[in-house]
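A short write-up of the structure that comes next.
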Amino acid sequence: MSKTTMTRRGVLKSGAVAGAGVALPTIFTASSAAAYTNEPTGGSVTLGFNVPQTGPYADEGADELRAYELAVEHLNGGGDGGMMNTFSSKALQGNGILGKKVEFVTGDTQTKSDAARASAKSMIEKDGAVMITGGSSSGVAVAVQALCQEAGVIFMAGLTHSNDTTGKDKRANGFRHFFNSYMSGAALAPILANNYGTDRKAYHLTADYNWGYTTEEAVRTSTEALGWETVAAVKTPLTQTDFSSYIAPVLQSGADVLVLNHYGGNMVNSLTNAVQFGLRDKLVNNKNFEIVVPLYSRLMAKGAGANVKGIYGSTNWHWSLQDEGSKAFVKSFGTKYGFPPSQAAHTCYVQAMLYADACERAGTFNPCGVAEALEGFEFDGMGNGKTLYRAEDHQCFKDVLVVRGKENPTSEFDLLEIVEVTPTAQVTYDPAIFGGELGTCNPGA
Amino acid sequence: MSILEVKDVGKRFGGLQALSDVNLSVKENSVHAIIGPNGAGKSTLLNCLVGKLIPDTGSVMFDGQSVLGRSPYEINQMGISRVFQTPEIFGELSVMENMMIPCFAKRDGAFRMHAIENMMDEKDIVERAEHMLEEMNMADKRDMHAAAMSRGDKRRLEIGMCLAQEPRLLLLDEPTAGMARADTNNTIDLLKQISDERDITIAIIEHDMHVVFSLANRITVLAQGTPLVEDDPENIRGNPKVREAYLGETA
Amino acid sequence: MDAIILQILNGLDKGSAYALIALGLTLIFGTLGVVNFAHGALFMIGAFCAVTLSKILNLSFETIDPNKTDFLGNPLKVKTPYVESWFGPETGAALIDWSVPLAILFSIPIMLLVGVIMERGLIKHFYKREHADQILVTFGLAIVLQEIIKYYFGANPIPTPAPDAFKGSFDFGAAIGFDPNTIIYPYWRLVYFMFSVVIIGGVFAFLQFTTFGMVVRAGMADRETVGLLGIDIDKRFTIMFGLAAAVAGLAGVMYTPINSPNYHMGMDFLVLSFVVVVVGGMGSLPGAVLAGFLLGILESFASMREVIDLIPGINQIIIYLVAIIILLTRPRGLMGRKGVMEE
Amino acid sequence: MLGLNKKDTSLLLIVVVLTLFAPFILNPFPEGSAMAQFNAGYPDLMQRFVIFGIFAIGFNILFGLTGYLSFGHAAFLGIGSYGAVWMFKILGMNVLPAIVLAVIVAGLFAVVIGYVSLRRSGIYFSILTLAFAQMMFALAYSVLTPITGGETGLQLTLNDPRILGASQTAGGNIPVPSLFGMEMRSSTDLEIAGWVFTFNVGYYFSALIMILAFYLSIRIFRSPFGMMLRAIKSNQNRLSYTGLNPRPYTLAAFVISGMYAGLAGGLMASMDPLAGAERMQWTASGEVVLMTILGGTGTLIGPVLGAGFIKYFENIFSKINDNILHQWFAFLPDGLEDFVVFIIHPFIGKGWHLTLGILFMLVVIFLPGGLVEGGQRIRKAIKGKKADDTETAKTEPAE
């Protein structure tokens, strides 16, 4: 009995063709000749797109999926090529990856780590996916990343902002293009200090789970370093929908800035509630009261409507960026779907491209080869300027955008305006500060 | 020798004094009927005996032990079984299973965990339950769903389940209420037979004078929560106070 | 002191939403004896009535503005709502601005209809079934309803703001002699509170002073007897179900400016509203209202920073803790009748 | 056989055969064919079938027999998972101690929660269990993050002590759960013509445990204890007046079913060493209720069928998309094809929740006995037809 660590449908698909040619049914057990999990041996390679299709982040997941479909189209030589034309690496030919046609399967994470792992496993075990990508929360990203490490496939994270993903929970098979809490804090703090002064008292409301903790920590540290004082930090339950009881006491505390370390539905509701209370019309300590949302997402900002006007935050990418890469991407995405892409879509598109490119450069789909090609890889033309995939923690280092809710939007997509593009150097940190161990790459076989 | 002694029992529900100064003594191996007009407190008294209600005052002694403050199942284990006005049986279970449950209760007490044994392997229980079904003339209904039986059969089964525990005191709450005459007579015969053949005391709450006078050898009349008289059936029949209590009700 | 007043105020406001939902649940349970897990979904449908009206009012035609460009660099298509072109820009804008209050009128017939259809089509067949079956079938219905809404409106929240006149907040502190800015409360939330008081008062008055209400109350106490009197109690109960749906729907409509509605807002409220009903006492209308406000206040206090510092995580579990304590010490709830759903 | 009567023995044998040959049964379509979409014979899903089968069997011991509807049973599943993962972190990667600990810890929690919750019945019991589970979920997600891992779940790391094993493999990776060296994830493929069948160690280990769990549940159903539980559902009042104390019986049932849930949780962690808090959320508890009802409450095999049905839906049905639909209906004229796809679209793929909700309602309304009752009705209908054909119709004896 031969042992394999994961089934390898790629092998089997081709084997099936061979088997069909034999008149009598042949019975044989799969050999462990493959060098790594799901080695593609036919004319195609299968990628697994694991995005939330049900649950509160379904719309974000749908946008990710659109981006992936676009990326697959471009990789296979369809469409206008999008960012392939602006990408600094020219390894991609538009003939699939390593000459193999790119196919994909999709899974539903439901934004639950269990369900996400189940759908990832299904894509690896059943559909023979050689890479898993996508997702819209850090809990899911960390969980799926650990799974991919174990299974021996590459994980290209989607939207995940927690420090943990490439910090204490980093894995050798996992890569993140998205920025993180630390970078948000580092990019935001100087802008906040410039606009609101260095003598500010901040009141934090923090979602009571890992991502909330790291974001609060990051914003606190970086603002306090510039002279701000943190008056209070209150944790709010994830399941909270009405934040009035948390917002009502803010003014009494003497704080003049409210920082909402919330994402998704929490962010929409807490921001809506805070604006409802008229906090921004108030004068405290002879200063205008201000609200800050460390992590912005345009899709979510839409849910908060006019409440986002004038409120600062950070974001990974925005469609109004004027570099060639962004313009090319917005053009192909907008032409295909009729509206501009979200930051989640951008990250997912780029991740798919980066993976394909790494395979081309490594000359293999072997996770260890791909990882080696990605580690320390420097590139440009993907929308955030010069970018480094750092070898130590598999985190991308690139420009971070500080944005503000637009006062006079011209369309329903025109909600945020870019205030500053924070250069990479300012958000770079020592990989050791978050602990964790990368381990070694696992090819599976 | 009395098996059940009720002394000075009183029970109040809000503004209503349901029972007051109830004294009652049930002799061993007698058939004792408690009668009275509607609202006389018969059911309240019964509930005080079986642990469903706790009286505010007084004492209830069964065979020299107080039953007050004990749960219904504990009182049952002391030897008091109760038959309800509408038959209370395990409708979703088969007749045989209905009969086996009291046999287990008799043998094993209030709780015993046999989760692995097959219940049909408990030979003594099966034999005893089958025997009881035969005694109740229900052996042919052994595998029926209890809920599918006629009301008379349900009553018969319920009495049989009580008897399977070999109680020393059998309490019946209007056992013939709502029954046709023929069923009523059958039930009377059954109870007579039980009383004659077994070493058992029967206390019966009843509205129907025909049933009472066919069965009882001692009668307590309850009116407005207090015992009016306690006497032999012959004396009760002619007692003017009793007539008044009933006529007052019907008038 | 001001912190405590503020949280009481806030609790009353939070509680008014709980009370409205629990009131409807209790109406249904008290009259029909049905445990309705789809009640949260009715609240959600109410909220989406407001969304729908606002979408209808915002229906627009497009004109091309050659001077501006869209994100692809093409000439910008400018949308103008039809109402603005029909009634003039000012009236039209005002109509759109007031879409949430207008949605009250819009939603009442819809919610009554939804309620009646639900009762006649489904709930009716479950009167005689166990509570467990009722819970399960209405739970299934809740899933179906929210998935339908999600299919048409998406998963993201949809902003549905209050009229501009209600923006900002009222300075209570200044009004009653505290320092300014210590006790402020948004106008719309105050409106919500008053609205819920009016609705609750209306429902009670309806039950108390109309013949219809008297019959229904008699039916709640003893359905069979009322049925024997030759009164068609079923028809009245159907209407009561519609009424309960309308109450839940109105609670939803008015809630939209407080939090942008999304498809799962009903489920978010469901567990909580059951806790409210149980704490108040199954079947007791005043109990439901009282418990709603009480739990709102308790929740507000539990979210105070001082309290959280003292007992970490208390804000996460306060509602459940209260439910457990009440159920263990006083299973009939604060104002429940004895014997309702008790052993 | 094995102390079971003939009918139960054959039921057990059916389950044994179904589970042992699941890799064949679940992969009825050749690899690469259009219908391969519907194959469910890959390790992860097969493991889930049996693990959730165990969970539902246990839940049925409580709900099916006593009628107590717990809306917080997923809490025990979560507890079991946490227990097992901690065992992997501290002791080593052998699954046996992990599963044993999972069962024990879940049992202990069940004793406490059951003791308190069973003081009430009916909907009050449901709300009590719901409240406990929600409290545990909320705390595990937030303030207990150091113990539970919070949002990201409790995971293994390279620095775990693992006293009886290695912290890392030679290759520098986290070791995987195994049973005395047999890795849970290792699989063997068998190919016959175009068909591919996968045999996975973890699946067979879980399947074996499920068969044991199923056997145990038959024994419980047929035992005096099981009869007492059914008696509690039927008429608790009569039981009390028959000298039996319902409380310890219900508590025992609650604890047993809690331990089943813990076992399922421990197995889940053994197949996939991660424990997430949302496993304990009330929607997860609702899921096992759905499984049991869908399959057939109070029947032996129903919960297993229900678990399989829902997991199949979640993992296979949810993957059907418009492209696949268009392939299926390609034979229709274009306009009609689009119309058919348009009609079906809301119910498939990401609309699987909607379909499941509708199915569930239909079952509760028309088939209170679940799939099992459905099967019986079909069998009866077929039998009835046969009887008519041969004109030997005789009245069915009343049950």
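We call the chains A, B, C and D, going by the order they appear; numbering starts again at 1 in every chain.
As a working rule, a residue touches a chain if its C-beta (ideal position, glycine included) is under 8 Å from a C-beta of that chain, and two chains touch if they have at least 3 such contacts.
Just so we're clear, the structure is a prediction, and the values are computed from it rather than from any experiment.
S.K.: Leaving subunit D out, group the remaining chains by who still touches whom.
M.R.: Groups left after taking subunit D out of consideration (others unmoved): A, C | B.
S.K.: Among all chains, which one's averaged Cα position is nearest the averaged Cα position of every protein chain shown?
M.R.: D
S.K.: Compared with subunit B, which chain's mean CA position is the farthest off?
M.R.: Most distant chain from subunit B: A.
S.K.: Between subunit C and subunit D, what is the separation of their C-alpha centroids in Å?
M.R.: Computed value for the inter-centroid distance: 35 Å.
S.K.: Hey, how far is the Cα centre of subunit B from the one of subunit D, in Å?
M.R.: 46
S.K.: When the C-alpha atoms of subunit A and subunit D are each averaged to a single point, how far apart are the two points in Å?
M.R.: Computed from C-alpha means, the inter-chain centre distance equals 33 Å.
S.K.: Going by the touch rule set out above, which residues of subunit A reach two or more other chains?
M.R.: 58, 208, 235, 237, 239
S.K.: Mind pulling the residue numbers of subunit B that touch at least two other chains?
M.R.: In subunit B, no residue touches at least two other chains, as defined above.
S.K.: Two or more other chains touching the same residue: where does that happen in subunit C?
M.R.: Answer for subunit C, listing residues that touch two or more other chains: 313, 316.
S.K.: If we use the touch criterion from the header, which chain pairs count as touching?
M.R.: Applying the touch rule to all chain pairs gives A-C, A-D, B-D, C-D.
S.K.: Residue numbers of subunit C touching subunit D in their complex, please.
M.R.: 35, 122, 125, 131-133, 135-137, 139-144, 147-148, 151, 271, 274-275, 278, 282, 312-313, 316-317, 320-321, 323-324, 327-328, 331, 341, 343
S.K.: In the complex of these two chains, what residues of subunit D are touching subunit A?
M.R.: It is residues 30-32, 39, 42-45, 48, 138, 141-143, 145, 150-153, 155-159, 168, 171-174, 176, 183, 185-194, 196, 198, 272, 274, 276, 278-279, 314-315, 318-319, 321, 349-350, 352-353 of subunit D that touch subunit A.
S.K.: For a test of understanding, state which residues of subunit D touch subunit C in their complex under the given definition.
M.R.: By the definition above, subunit D touches subunit C via 67, 69, 116, 119-124, 126-128, 130-132, 134-135, 138-139, 142-144, 236, 282, 286, 289, 293, 346, 351, 353-354, 356-358, 360-361, 364-365, 368.
S.K.: In the complex of these two chains, what residues of subunit A are touching subunit D?
M.R.: Residues of subunit A touching subunit D: 1-9, 12-13, 15-17, 19-20, 25-30, 53-54, 58, 105-108, 112-115, 117-119, 121-122, 125-126, 137-139, 142-143, 146-147, 149-151, 162, 164, 169, 208-211, 213, 235, 237-239, 436-437, 439-440, 442.
S.K.: Any idea which subunit A residues touch subunit C in the complex?
M.R.: Subunit A residues touching subunit C: 55-60, 208, 232, 234-237, 239, 241-242, 244-246, 248-249, 251-252, 265, 268-269, 272-273, 276-278, 281-282, 284, 299-300, 302-307, 319-320, 330-331, 334-335, 339-340, 410-411, 413-414.
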